[in-house]
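Below you'll find the structures, each written out as structure tokens.
What follows is a pair of complexes built around subunit A, which joins subunit B in one and subunit C in the other.
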Partner chain A sequence: MAALTGLERVSGTVTRRPKAWRGVVFALAAAYFLVPLGTSVWYTIYTPTAGVSLSAYGELLTADGFVRSLSLSLGLAVATIAVVLLLALPAMLAVRLFAPGLRVVMEVLCTLPLVVPPITFVAGIGTSLRNGTEVLAPTPFWATLIAVQDPAFPVVLVLAYVVLVLPFVYRSLDAGLRTMDVRTLVEAARNLGASWPYVLVRVIVPNLRSALASASFLTLALVLGEYTVASLLGYEPFAVWIVTVSGSKGQLSVAVSILSLLLIWLLLLAVSTVFGRKKGK
Partner chain B sequence: MTASVEFRGLRRAFGRTVALDGLDLTVAPGEFVALLGPSGCGKTTALRCVAGFERPDSGAVLVDGKDVTDVPANKRDAGMVFQSYSLFPNLNARDNVAFGLRVRKVPVATRRARAGELLELVGLPTHADRYPHQLSGGQQQRVALARALALEPRVLLLDEPLSALDAKVRVSLREEIRRLQLDLGITTVFVTHDQEEALSIADRVAVLRDGRLEQVGAPAEVYDRPATPFVAEFVGTMNHLAGQVSGDQVTVLGQILPVDGPVPEDPSVDVLVRPEAVKVVPSPDGPAEVVAASFRGASVRLRLAVEGGEVLADVPGHEAAQLGPGTRVTVRLVERPVLVAERTVTVPAPVVAADAV
Partner chain C sequence: MTRTRSRGWLGALPLLAFFAFVFGVPAVALVAGAFTAQGRPSLANLTQSLQGGYLTAMIGSVKLSAVVALLGAVLGTFLAQAVVASRGTLLREAVLTASGVLANFGGVPLAFFWIATLGNSGVISGLVGLPSGSLYTFWGLVVVYLYFSVPLMVLVMAPALDGLRPQWREAAASSGATSWHYWRFVALPVLAPAMLGGVVLLFGSSFSAYATANAMVGTVVPLVTLKIASALTGDVLIGYENIALALSLDMVVVAGLVMAIYLPLQRRTSRWLH
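Presenting the complex of A and B:
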């Protein structure tokens, strides 16, 4: 619709001056990001004694813990995305459709993790886990908690991450739901015989694709880079492993950072193309 | 494939607002009934009770004699067209129409063919591959209509489907809806606040006020013989003129007219006269004077000062040229039976409805 406004024709004459500024801003921004990145890359591949070599990267891929910590982080990210979306989307829909009065409460609740520093949060989790043992020990809830524990895949981290990403997920989904007339679409689908799960999968999700994608991006980026909670709870996902490694070998740690940057970027690209392709279809 | 719809003592309150206050109405199989009323009169709530989106606090909705009050919305046999555009934005017109068939797991080829037929039925055979954002408002509502009809429901529910469209499209689409309804013989409940729309396409018009039925009847009956002053005011415009009843006749503005319908005990009554039943003839020494004239296209509405009050009169546009403000005129009422009501005014003054400009 915007294409019909005729604005684009006008912009051709007006952009002359701003164009120069655009270039300047672009160059400055690019320099800001690329210079540190470039020097980092140079640092990892050049040593005065050995000259240019990619040995740091080679060492990385064979280093102890690289694959393990990376796969742990990716697993955590996938689990977190699944849990947080399954939790937040139906809840937000239910509030919108059946209890609009609770929307404010939900917004405050979902935004709360932003104002609680992770360090406080993890201290709270630690205390709860310690004291909870006695309180919860006789309950079946505790037995369930114990049963799902797995040292190779810490469920407690997934739960903690779900709380941490809730504000971002809530914001993305809320923005997405705002762009459509949820009530009318749901009622139209119900009227045509669709069950609630069918409505969710066939009507809401397809129209919420970009919001779901951005919620997933944010979760993925946050989980891959999260250090505080994982480290203090004694687990070693990717971010924690980087810090551990960097303590001993400087060149290696920078190489890892660059590699992880590249990796996350590729992942986000993959996610966005998956979502984008389906939408264009 | 058609069914009767019955509203039985329907009550629904939202907090303190009572939307439905004991609505009783029966729609015969194949009938087109318009629910007409001002906003907040409960007409949409009544419709939503049939669709299953609203649960009445008490009372029941019966389709074909069966109580469907507790049946979930997705198990009801009623297609609905909504006021706001309700097409699924991610699906093209064909897939929108075929949505219900897809829910019922109808094979792809069958539902494509059926969607094609329906799009042809609503006059959009070449728009199957367009997405909702590529369709105009009127086209979207046509697709929505086709979608509602795809499952061959026994009841069609129309919730002000035309109110978002511009005037020309509104008129042509409503005629098309009526044509389709007659062809298919489907029981239809049509909610609108536009009296002209209701009068022009419905078999019967049900006027609602504060969640209750004021009057239900054929359009001509509701217009010519409003059962209550509210209906008289809401449907069209009505002059209230002071009159004196004697026997089955009433004296009003110096004329004696036969009385139609019941007569109140007090012989001093209001005589209800439509503006188009007031004839105006210019005469230099006439007792009345034109106060104002407003052009309404085919007709002109005159505001006339008569003895002790004002009267509205509609005259054809070509006659209005000689009836500018200030003209002396004589006023005659069309010789036909008139409705009388208990006296509410002391001077003859028109009661002006929303459309009286």
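Presenting the complex of A and C:
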């Protein structure tokens, strides 16, 4: 891989012909991508009557429901991260160490959520919940089903999000596991008398730290921005709330968009810093 | 042997059980509902989902996704080549980081962004005198969807373009090939799997997009995701839920067919470029 990177640089200097088209491409791309960004910022801070002001951003932070919806989203994100890591990590380790035959099954499972558009998944979940409520009405499971749909903390969203983020978490962890010799590490630790939980917590997890972090950040980004599933099931986490609150107020809604772009940028920055640090080691 | 195998199952079992329940139950409910009308097994929903307004919406979605995928692939490849060929490390880093951010920027915020720019009271539409409602059309959606599709294509193509060995170009040049010959007979065939993979990825992300379209056009442009949502939320008559399920099944079939092209291609990409 390092040799390949060296060669690319050579290619850059060998082809030293003047390339006007490159300048044109960059100019067009810059216009297309930066103009909406600039105009959106301008739109939020300038009104012909009040001049330049940051009131749209202030209004957003003090709007009713800001804390409630954001804490709901963060809570959902934390629960999703915990569940998806607890399910995916042992499964991936077990497949790697004991059952390579299951690998294909895992790959298929972790690709399926990418093939199925989220809106069709919601259609299926909604139907299951409705039918489930009818079928389970006489049994004790009915109460569980209702509790799962509690608007204060909809567990059903956590379940749906775990499925939706599984492909990304799988890729992340798979990339992390590739960089270490899992079998040797585990066998060495086991031979020295370490118990399975000890191996997992003190040997595997420290080596996978950056992969786990990037999986968590990707999950956080996805859950914070998820709109389709939450809105169609009738819940109001952050992404749905901003639409409700800014519906009729133009400036506020665009301010929200700029903040969410900043948030994505910060999260990606966090992911790349975690990975960058690992490379430096 | 049996002990290790049982351990493998033990570790994987929670995930498999979770998946079978959370993904399997809705999938079964979806298929069962799609084939049920008035409590009886029937093909009525599926037939209806492929007629009239529903068919128009499906065709609209496929057309929109195809146009966005092709345009995004071409523009994204050009941008990626410009980035890969440029000598400035800073420029390269900036474009790739921005691509990473913008490829993940979708949903409702994306719609608001463009409404502020080219919407009826947008900043630019006022300056250039854009006719009212121009953004809320098929081509308006194409312009908006390209905002995340082009960066996505850059992310797909940049590593592939980086993998083109300079020796190939030199070998072609010393055999008398022009730049056109090199691209037509050497580079493009090597890049083709990655490009087609990118097209499929772009198609899929536009095809399943709902939030952006919902915030922008409402029902002005017929799209299948909007039809499913309105049937699900009961904007229309009761009893249309099963139509929503039939439409969802149609969508899964289309997305599955497109993905079936992608997966074998992904494997072929790695033959030359690693």
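We take it that the second predicted complex is superposed on the first by the 207 of 281 C-alpha atoms of A that agree within 3 Å, B and C clash if a C-alpha of one lies under 4 Å from a C-alpha of the other, contacts with A are read in each partner's own complex, and residues count from 1 in each chain.
Just so it is clear, a residue touches a chain if its C-beta (ideal position, glycine included) is under 8 Å from a C-beta of that chain, and two chains touch if they have at least 3 such contacts.
Computed from a predicted model, the values in this text were never measured in an experiment.
Asks: Hey, is it subunit B or subunit C that touches more of subunit A?
Replies: The larger set of subunit A residues in touch belongs to C.
Asks: Which partner does A:175 contact after superposing on A: first (subunit B), second (subunit C), both, neither?
Replies: Neither partner.
Asks: Give one of first, second, both or neither to describe whether A:200 is in contact with subunit B, with subunit C, with both, or with none.
Replies: The answer is neither, since A:200 touches no partner chain.
Asks: Looking at the overlay, does A:188 come into contact with subunit B only (first), subunit C only (second), both, or neither?
Replies: Only subunit B; A:188 stays clear of subunit C.
Asks: Between subunit B (first) and subunit C (second), which does A:26 come into contact with in this model arrangement: first, second, both, or neither?
Replies: So A:26 only meets subunit C here.
Asks: Tell me the contact category for A:111 with respect to subunit B and subunit C: first, second, both or neither.
Replies: second
Asks: State which residues of subunit A lie in both footprints, the one left by subunit B and the one left by subunit C.
Replies: Common to the two interfaces on subunit A: nothing.
Asks: Please name which positions on subunit A make contact with subunit C in the complex.
Replies: 4, 7-8, 10-15, 19, 21-22, 25-26, 29, 32-33, 35-37, 39-40, 42-44, 86-88, 90-91, 93-95, 97-99, 102, 105-106, 109, 111-128, 130-131, 159-160, 162-163, 166, 221, 225, 227-228, 231-232, 239, 242-243, 246, 250, 253-254, 256-257, 260-261, 264-265, 268, 272
Asks: For subunit B, which residues are in contact with subunit A within the complex?
Replies: 51-53, 72-76, 78-80, 82, 84-90, 99-100, 103-104, 133, 144, 147-148, 150-151
Asks: Going by the contact rule set out above, which residues of subunit A touch subunit B in the complex?
Replies: Checking each residue of subunit A against subunit B gives 1, 180-181, 184-185, 187-195, 198, 203, 206-207.
Asks: Touching residues of subunit C toward subunit A in the complex: what are they?
Replies: Going through subunit C, the ones touching subunit A are 4-5, 7-12, 14-16, 18-19, 22-23, 25-27, 29-30, 33, 78-79, 82, 84-87, 91, 95, 97-98, 100-102, 104-110, 112-118, 121-124, 146-147, 150, 162-166, 169-170, 204, 207-208, 210-211, 215, 225, 228-229, 232-233, 241, 244-245, 248-249, 251-252, 255-256, 259, 263.
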